[in-house]
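Each in structure tokens, the structures are laid out below.
In the two complexes below, chain A is the common chain; its partner is chain B in one and chain C in the other.
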Partner chain A sequence: MAFENKASVATESDFHKVRAAAMQQFEKVGFPTKKNENWKYTSLKSILNNDYSLFPDLTKHQVQLPEVDTYFLKGVDSYKIVFVDGVYNSYLSETTHDGMDICLLSAAIEKTKYKIVMDHYFNKIALTSDGLSSLNTAFASEGAFIHIKKNIIVEKPIQIIYFTTNCEKDILLQPRNLIIVDENSQVKIVERHQSLSNNKVLNNTVTEVFANKRAHIDYYKIQNDKLNASLIDTTFVQQKDQSVVSVNTFSFGGDITRNTLSFYQKGEHINSILNGISLINGTQHVDNQTNVYHQQPNCESHELYKGIYDGKSTGVFNGKVFVEQIAQKTDAYQQNDNILLTDDATIYSKPQLEIFADDVACSHGCTIGQLDKDALFYMRQRGIPEKEAKALLLYAFTNKVVEAIKIPVLKTKITKIISEKLGVDLGIDL
Partner chain B sequence: MSKKYTENELEIDLKDKEYEYGFYTDIESDKFPIGLDEDVVRAISKKKNEPKWMTDWRLKAFRIWQKMEEPDWANVNYVKPDFQAISYYAAPKQKKQLDSLDDVDPELLKTFEKLGISIEEQKKLSGVAMDIVIDSVSVATTFKKTLNEKGILFCPISEAIEKYPDLVQKYIGSVVPRTDNFYAALNSAVFSDGSFCYIPKGVRCPVELSTYFRINEGGTGQFERTLLIADKGAYVSYLEGCTAPQRDENQLHAAVVEIVVHDNAEIKYSTVQNWYPGDKDGLGGVYNFVTKRAIAYDNAKISWTQVETGSAVTWKYPSCILKGDNSIGEFFSIAVTNMHQQADTGTKMIHLGNNTKSTIISKGVSAGFSQNSYRGLVRVGKNAKNARNFSQCDSLLMGNDCGAHTFPYIEVKNASAQIEHEATTSKIGEDQLFYCNQRGLDTEKAIALIVNGFSKEVLNKLPMEFAVEAQKLLEISLEGSVG
Partner chain C sequence: MLSIKNIHANIGDKEILKGINLEVKAGEVHAIMGPNGSGKTTLSSVIAGRDTFEVTEGTISLNGEAIDDLAPEERAHKGIFMSFQYPIAIPGVTVTNFIKSAINAKRKAQGLDDMPAGEMLKMIREKADLLGMDRSFLSRSLNDGFSGGEKKRNEIFQMAMLEPSLAILDETDSGLDIDALKTVANGVNKLRNKDNAVIVITHYQRLLEYIVPDYVHVLSDGKIIKTGGKELALELEAKGYEWIK
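Moving on, here comes the complex of A and B:
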């Protein structure tokens, strides 16, 4: 296999075996097509037809701080793990090994001191019949590696940013993140993919998150890329007793964005929180797939996805909640609200419940509608121009998800992006 | 389910009498040898004295069916029927048309009595005209006169093919095309009989039309075909109910119901389905794979109400195509599954016209080892302005070995649509049970009471006679599920 020459791993290692098995799995299942029920509304044809470069010319990626400064969270001290064209950039990064490992997956693969951790966690929950995750595993070589040891509250948020530069041709990147948070520890993570290129970019990202007992993780995904970039983001979360994990997905940019988010509850009294905002226009396409597997009793899950679709954009929401027979006393809530702003925009929503236990309280709801005409009239009567009035109402529609953000500067940033997307200055300073 | 079942076991099971209506009428029947090929299709057509266009229509359907594969996307598991091991035609050996009840085979009359349907009583008291179907051939039709006066055509479809070929030719396959799905294609090729009803312009049908279906002959597939047409401004309430005798092998039922509702017309279609659900180990029982669909034109209204308590496997999605402006579609359903029953049922609401409205109320009750799924589609087309949909799916779980699933599909392409969907799953509250127990109701009665309350919204939509029967059925189906 050609990629072996490029990958920096000895061909006889355990790691190599994992990758070879993943490659075999990919060769077996291939890329998903619309015939696959989970891909019914999203076609990858338009982005898979490009002739992507898998291993870009390493000498060409030059990024200066001023040109990317805007993509970082400012006004807050943070750890940063920055990659340019899939390669770690130490100049822009700020990592640590002080009581915790906030570093690189390549280091974790190569160094023997990480072997136990890697054997225990790497690719343990990403096993899937989905071809794209297998492809990522087969090529996995770089990404963020975060291991927070017991009883540490990480005060500074961690930023993981992937830049793509204006390199010679279309590029396919396959970042792989591994995040492990041990007992009683807490961490906040912000992930972002940003293209600086005018060529097509496809990111096929896989992230595995492990929350051990009583761990708290807040994960934020900012998806506000250029229109020549597409993102396939697959995230797996495994939780142990009394842990709380929230994954917040903000999809504003990009051509095709596909988020697959799976939660596995492997203990009791777990809380899983899934939040999302999709605000898109033009011919953008956002597909959110969520799976919550309730596998132990006395757990909760709360899911809230809001979508606003303008222009000829398409939104997909496919939410599944599985409650296994043993998972008594489960509380699972799922809500998907959508607003279509034009007749050319489309929404496909599929909120699903599969329940095998009787003593549960599960509900799901889905709404599709428009802005309240009376509210709009009321505001215009009081001198607020139509555009601003609409924007205010739309902002209010997304507010519940924005309010859940626990990093103040991030909340401001998201609010700014929303007002930019709506084409107005909301004048809200948070 | 895969292993065969012996006579002795049947004997023991019959003693247990789980299925109240599980008996078998001994009528000599005129039955085709098993298997399906072009000749069988031709023979069915010939037996019915059908014109050439009908024979050709069936043959074309058969060729379409040959190329199709049995679907497996539904959330049910069963041993797929062997289509070459079924006899495709069985009719009681009665050649001549009957004018009065006296001519009916006394054995048959006894069967009806056991079912609790005395035709005389029905005739006198309830004012319901009945087209009783036993193994595919209609044997008694009442109230013909009243209907004739109004110009309403209500007869077996085989008769309609003979008498009103223009109407049948115009409408058959117009709502459910032969290419629609595997079972619809099979039904189109081999349907034995069914009902045909045409309500002329501006006529309000004075009686509730009802047909009782019964599957009587062991190893016979039932392929009913129903065609209902309400012309402009007409109204009819149509009831369909069924019970099947206990048999030791799975029986296949693949019916097609097509409904056309013209401008300003209204059709109310109610079903109570209580086919043999199989025994307590999941052996036997009816496979119910039905395609039901209605098309509504301007200002028309179609309302489906169903109470599903029977069948081992149910696969059924009564649908509404809201083609005309201001048309309305409604779907009210209760599906109760117990023992090893599996139901995958729901509806499709396709909004095409402007200002269309649809309402979906679906109640699922699962007990025992059963699996109960709601699968529904709400689609709003690009040019359908101001579409409105409200969906509510509630599931009740009884016991820890059953499952309740919800698979709603919502596809909207117009910004003016307003769609709401909500679903809940829960169990019967212990405090509710305690409250009933405290007041002297035993747990079984209390559950029946609570389930009835849970289903009230749907039961209220049924015509009176059926509401009573349906309530009883809910109780019978949930017997022994306490624990």
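Moving on, here comes the complex of A and C:
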């Protein structure tokens, strides 16, 4: 695949320099291959050997609310930043500049009043050594820009949704999100990528999240896309003193889904929370790479990923926790539990700790198993048929992660998706 | 009601039950006692239809109908209930929701519609009150973080809701203090009537002080070696299992 940078920003701008450098970097590094340890179990060959349209004909692509309504959170007031084929859709969106900016990256790039913020934050934690992130930076033109100024509790959740329509060609999109939450402020964000297309879709998305002192951010990623849609999600989180950030990744579908999630602790008394559920079947592939960098003392990280693999699906969990020498009194917990429902399903699980400090409490673990036969018998003895009993047990297996969802309507939605995926009506108001 | 004829059962290549015969009639309470490893839990599992055990010979029938080929859930739908020694926890599924699923699964198997929500709720409350259970208990996740006593009481609550014709209490007394034991036994006694039957499986005699059996069977090395009335339990307690061998 060859790229020509058709970016629309004036060639003299600082932004153009960032992009040009990223393009050069991408040309140097290229796409990752299985020779790279972090890509050992995920091959992008099948999705990269494809002729994608990078700049779709936007005049043709309209969506009507009824066809996409189901992908929004219901029963709750929310801000919405909605894109269709990479372009902002004002009709479906609800943004604000009232005390905070919940708007578009393109606006932040173009308007001078955002220059200081952009210079300070944009592309500052995205890894330049990562080819896919550099590719995204080179093409970054649109995405969500969220800047919550200090001392604001944002009551309404923010939904960021990227739709791809049934356009004439396969499409590659490079959404870019920048999220900055200033001191003492709190926000909840839900991100979703949804294909409405019968053609192939590849989303190569990069998100940078900055949590300043005492900020609270809960970030939810719903990945429940069509079988011809793939997602490469690379998210970087930087935290300052006493901030709390959770990233909750729900991988329920798509062709190839790759999540790379990195936390950088740049202060003390920080809490970083990484939760995930992977629930897939067929030949779907979900790869979760997580990195937690404990770089200051007295911080915590809590990581819990649950995986259920049916059919011939494949899961990868590669979780790394680094505790630097300075990071004394670190509490770091990591757990990855998996259930394989068939002999053909596969999980590669690799929890890793690298500790250079001596006064820390760290643990990691990984389990791979089948359903508990004692538990199944217990439920069947109570008259619950085998299929429903299995579904109920699998639901229970994911429960700890579901319980951690702090938006009630989202919790209900996720529960509903899980019961649908498990193929039964659990018949109970969960 | 329950008729067990010459049941032999293996786990792997090892024969655990070596020809069990047992007749239980409606309205009766039978106690099955025996030392560890005598096959007590195997017997209850085989009646409930657990496939870990392979039945190599014999037949079990319920109300005159052979149940040998039925799945555990099908046996449950026909009225067999087994209280577990170690009930499992299901985080995220409340006591109420679990019992609703169980009852509606049974009704579905019987060709009935789901029990109306109001009726279900009323029944749940009645049974909870009957067993002296706190209402808050009903909205907790099933067995998740329950004490030993709470787990056993919850088993009896489920039994009360499902109204089985045959209840098998497998080591229901294990791990219970005397107060919890009394509560559980009281619950069972309240549920007894002329149409149902109870099999109490236990190592010790003490539960039988509260749930008084009509018959006591002694199981040893996969066979019933002695049958008597309730006084047999006391004799066993006094003399130990060695006496019988």
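We take it that the second predicted complex is superposed on the first by the 421 of 430 C-alpha atoms of A that agree within 3 Å, B and C clash if a C-alpha of one lies under 4 Å from a C-alpha of the other, contacts with A are read in each partner's own complex, and residues count from 1 in each chain.
Assume a residue touches a chain if its C-beta (ideal position, glycine included) is under 8 Å from a C-beta of that chain, and two chains touch if they have at least 3 such contacts.
This structure is a prediction, so every number in the text was calculated from the model and none was measured.
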item	value
Chain B versus chain C as contact partner of A:46, first or second or both or neither	neither
Which of chain B and chain C A:33 touches, first, second, both or neither	neither
Contacts of A:345 with chain B and chain C, given as first, second, both or neither	first
Contacts of A:24 with chain B and chain C, given as first, second, both or neither	neither
First, second, both or neither for A:368, with chain B first and chain C second	first
Touch list for chain B against partner chain A, complex	73, 382-383, 395, 397-427
Residue ranges of chain A touching chain B (in the complex, touch as defined)	37, 325, 328, 338, 340-370
In the complex with chain A, residue positions of chain C that touch it	48-50, 52, 71-73, 75-77, 81-82, 84, 86-93, 97-98, 100-106, 109, 114, 141, 158, 162
Chain A to chain C touching residues, read off their complex	372-375, 377-386, 388-389, 392-393, 395-396, 398-400, 402-403, 426-430
